[in-house]
Amino acid sequence: MHNHYTTKRATVLALEEMLFEPLKILDHGFIRVIDYMGNDSAIVQAARVSYGKGTKQLSQDKGLINYLMRHKHTTPFEMCDIKFHIKLPIFVARQWIRHRTASVNEYSARYSILGNEFYLPERSNLAPQSQTNKQGRSMQEVPIEIADKVLALLEKDSKTCYQHYIEMMNQDEEGNIIEKNTIGITRELARMNLTLNYYTEWYWKVNLHNLLNFLLLRADSHAQYEIRVYADKMLEIVKNWVPLTYEAFNEYRLEGCNISKKGLTVIKKLINNEQVTQETSNMSKREWEELMQIIK
Amino acid sequence: MHNHYTTKRATVLALEEMLFEPLKILDHGFIRVIDYMGNDSAIVQAARVSYGKGTKQLSQDKGLINYLMRHKHTTPFEMCDIKFHIKLPIFVARQWIRHRTASVNEYSARYSILGNEFYLPERSNLAPQSQTNKQGRSMQEVPIEIADKVLALLEKDSKTCYQHYIEMMNQDEEGNIIEKNTIGITRELARMNLTLNYYTEWYWKVNLHNLLNFLLLRADSHAQYEIRVYADKMLEIVKNWVPLTYEAFNEYRLEGCNISKKGLTVIKKLINNEQVTQETSNMSKREWEELMQIIK
Amino acid sequence: MHNHYTTKRATVLALEEMLFEPLKILDHGFIRVIDYMGNDSAIVQAARVSYGKGTKQLSQDKGLINYLMRHKHTTPFEMCDIKFHIKLPIFVARQWIRHRTASVNEYSARYSILGNEFYLPERSNLAPQSQTNKQGRSMQEVPIEIADKVLALLEKDSKTCYQHYIEMMNQDEEGNIIEKNTIGITRELARMNLTLNYYTEWYWKVNLHNLLNFLLLRADSHAQYEIRVYADKMLEIVKNWVPLTYEAFNEYRLEGCNISKKGLTVIKKLINNEQVTQETSNMSKREWEELMQIIK
Amino acid sequence: MHNHYTTKRATVLALEEMLFEPLKILDHGFIRVIDYMGNDSAIVQAARVSYGKGTKQLSQDKGLINYLMRHKHTTPFEMCDIKFHIKLPIFVARQWIRHRTASVNEYSARYSILGNEFYLPERSNLAPQSQTNKQGRSMQEVPIEIADKVLALLEKDSKTCYQHYIEMMNQDEEGNIIEKNTIGITRELARMNLTLNYYTEWYWKVNLHNLLNFLLLRADSHAQYEIRVYADKMLEIVKNWVPLTYEAFNEYRLEGCNISKKGLTVIKKLINNEQVTQETSNMSKREWEELMQIIK
């Protein structure tokens, strides 16, 4: 049970209800909201400090937030913060940490022994390499026999490696000596025997502006499935926390797009019913396809 | 009157009591705490995520916070945030903004007309240039006649410049046209006529780690008086917000010091009652004096 | 005369030729390139480290740089750096410094006396406030008599304030005592009497990614004229330094645009010759106008 | 062979000689300097911009650099940059990346297949867990039989996991299909079967100020041996690149120390031949020991 306090700070009921609850992700992962600061009104309030008396006309919060998002006036979104407790596979953590503008405290395998939990994909997620996307997986699944073989290998190797990790340290997960009269090696070395699907944990604190940048990349269809499920859950949290910002983000970023100079020329021609083809557009084949995808 | 809400978040009673209250600084400035996230326990909690089961021994919050501060394990201090509303002279804002790791929304003189408030020092703060410190002021005061003359000049020039600022825009402080049938220039140009002692305002949000770095530099005797008074007030706020961190910061940073390799050699010799002089220490005259200052 | 050295580092002839030369901006300002690191190939090289053997197909530098820019793979652009020496009015410096991801060493008016140079706009730049853009100036000019009056005020106030600045310190620009037997106040206080059009100087070092972000905002028609002239000159420098990146930046950022979800729907309807109006688009009047502007 | 160019930029002969050469670290790792910007004089030059005419007295470069380092005037050190190509085990990369203020392009195991190289410690580095330092290893070695057993486990698990990685993808290291008529899973999934001692590669670009912060933590005796060897090599590179800065860093940071307020009191008493013990010092046992270590 958590205590309840009285505060004069901006408070969001829908987020309070999620506070501290682990939201399950993948087979053993989770996201828990630990703390937050600010709400939609805090963004508006910060923007009004900037605009001063000049904002009289933009009197509605919703309109102002849309305006900020549309014109990339990003600083007011930095005025909100959120802190998560996240459990995630190491290979996901490695992608995640590339977003530098956040604060992190990760479980240290130098100080403590890592828990015996590793990620095994769902059989339906075992896709072959995409032929068109160098960094992604194709939409098809691999045949069941192959999936089973892969899962068996992953499971066996993970277990073997963990068992040897423990054996090398001569200490069990609780830190108890296993065999007396013998000696183990230090944790910081033994850990290198673990596979990249082992779970780690961290506290991750980020401001709303940087969180939205993270989500733009990681809640995208080009992101790896295993990080996207975390991003998708965070989008839900954002929706509960700052619903007006969520809507604006959806409208202007997530479901909006960038058009290049050449792309704009093509669009104008199409609207004017002028003839235009990939060849006459001066666009590469790939760019042309990307554009057609967007406007079809 | 501010509303009161119920929250499960970490809440600090002593800081809640200061919330939204403008704390007066200089002649027209202030600091108001607008929002905060975390407390001493939040720091401890983040540190424990890192150390895992390895922290059993460091069971007390106070001991752990001292340990973190002493060994510069700074990431847990990033887990707390505070947001201020600050009114300050432009020349102070120019020093302040050099601290890059914070979020800022400043009143924009492109959007709105700046208020007619400027800083005039107390007569007792009108010091001559220091002869020893290239960037500072000396401890003596200037004679009264000179102080009076200086204050008169500052006041007159500030007022004249503001009056012309308004005149050039042909708009008063409220944005009303002054003379019909004539035309003024844009705000973004007119503002360049204001002097650097005019007040501006901003929201400034920073995490505790970066705030302490700011305070280490700006609550220091080498900082300019006009920024130091803001830093000193923030130190008081920090004391109310995270008392254990405040104590540790005071002990290990504010009132601690750095000793160089040569300085350590000198200290060891002095402890062992060996002879050592500036000449034999290999230190410059200035370094030697700084060391003597510290250990005397 | 500058020395010439032999180096194995990536070297750009067109930029070497600009090195150290002050490029004049406004009435007394300038930009000088002091140093740089990397070139278009350095970006490609860094990208290839990421993609490994997977980049065989993207064999051409130009194609790869376009791809990176289009898909916002921004990290390779961080691999180039440039260092400028810039002289600029204080009110411009105040806007500029809001871009936090750069390194700065500014002339300190605590250490030294500021030079007697201030910015006076060209008469043709003295525009009235825009009626549609809260933060900008209108396209028309003010009448000549008004322009002359404004310029006279700006000049007189600037000169008066500087003269009193010197008088308060009792030191001339070269640091010589003016009147013996009297005493002046410290530089850090006296400077507050200067107006915001006085020139300051700094070294500003930034990586190419962050420079492009700066240019996207400041070489834009919504930026204040007095900062835009600096940004425009930097664009020229970028063109000399990394011509492929410059072209891609122009195509995908500067002359490209963002379209919202609703905007995309409108475009699709227009292409399909379907009826659509502001009312049926669900867009605000302003958004609709912005869209029509883009595709007209 | 590398081309030679003519440049007017600051050039450091001793670093030019190291350029592009891989300096071997651990069993398969390396550091290569790819590019650099600035030298000791560039730091001095940037500092002089700040101090203006006020620096006449600090006429010598060496004196000024010492002054900057001693008084933590860190911005001039940001004016130099260096870019490395580094090959390092994944568990080392995980520690390294926590330093956020750098630019990174890492080999992507989503795009390309990771090479078959893993780290095996020297037998003499296989230490047991330290009893006093929660995060470190003790000074003793483990017995030879145990070392041999550990190395055999590490080697066998690494090889098995890599073999299965290849098998799951049905592609060899060169990207060739192994068995026709069958299908493999995508690279981004298969990689999770690799152990943390596999080597990765990246370009890492950092300014000198942030590099020194990195080295202060990682060239320290508390850092894990496997990252310390990289830091030690970088220290050598820094010594070649900016010898005056290296000396100052050594004197005031690496071999200097922080003393707390209580520590200062103890030192003053010892110098005055007054009695002081841990009990009367008000320091914890551990702090007292740390202080005695420093001044003994």
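Per-chain residue numbering starts at 1, and chain names A, B, C and D are given in the order in which the chains are listed.
Definition applied: a residue touches a chain if its C-beta (ideal position, glycine included) is under 8 Å from a C-beta of that chain, and two chains touch if they have at least 3 such contacts.
Please read these numbers as outputs of a predicted model, since none were measured by experiment.
Asker: Across the interfaces A-C and B-C, which one involves more C-beta pairs in contact?
Answerer: Comparing A-C with B-C, the pair joined by more C-beta contacts is B-C.
Asker: Any idea how many Å lie between the Cα centroids of subunit C and subunit D?
Answerer: That pair's centroid distance is 35 Å.
Asker: Could you give the separation in Å between the centres of subunit A and subunit C, each centre being the mean of its C-alpha atoms?
Answerer: Once rounded, the distance between the two centres reads 32 Å.
Asker: CA centre of subunit B versus CA centre of subunit C: separation in Å?
Answerer: Their C-alpha centroids are separated by 28 Å.
Asker: Multi-chain contacts in subunit B: which residues touch at least two other chains?
Answerer: 51, 54-55, 104, 106, 108, 111, 134-135
Asker: Using the definition of touching given at the top, classify the network of chains in this structure as line, ring, star, complete or other.
Answerer: Here the contact pattern is complete, since every chain touches every other one.
Asker: Touching subunit A in the complex: which residues of subunit D?
Answerer: Interface residues on subunit D, with respect to subunit A: 89-91, 94, 97-98, 100-101, 104, 106, 108, 110-111, 119, 121, 125-130, 134-138, 142-143, 146, 150, 153-154, 157-158, 160-161, 164, 167-169, 182-189, 191-197, 224.
Asker: Which of the residues in subunit B end up touching subunit A in this complex?
Answerer: On the subunit B side, the touching residues are 2-11, 16, 19-20, 35-38, 42, 45-47, 49-55, 75-76, 78-79, 81, 83, 85, 103-108, 111-113, 174-175, 201-203, 205, 207.
Asker: Along subunit D, where are the residues that touch subunit B in the complex?
Answerer: The contact residues of subunit D facing subunit B are 51, 54-55, 63, 66, 70, 134-135, 250-252, 255-264, 267-268, 270-271, 273, 284, 287, 294-296.
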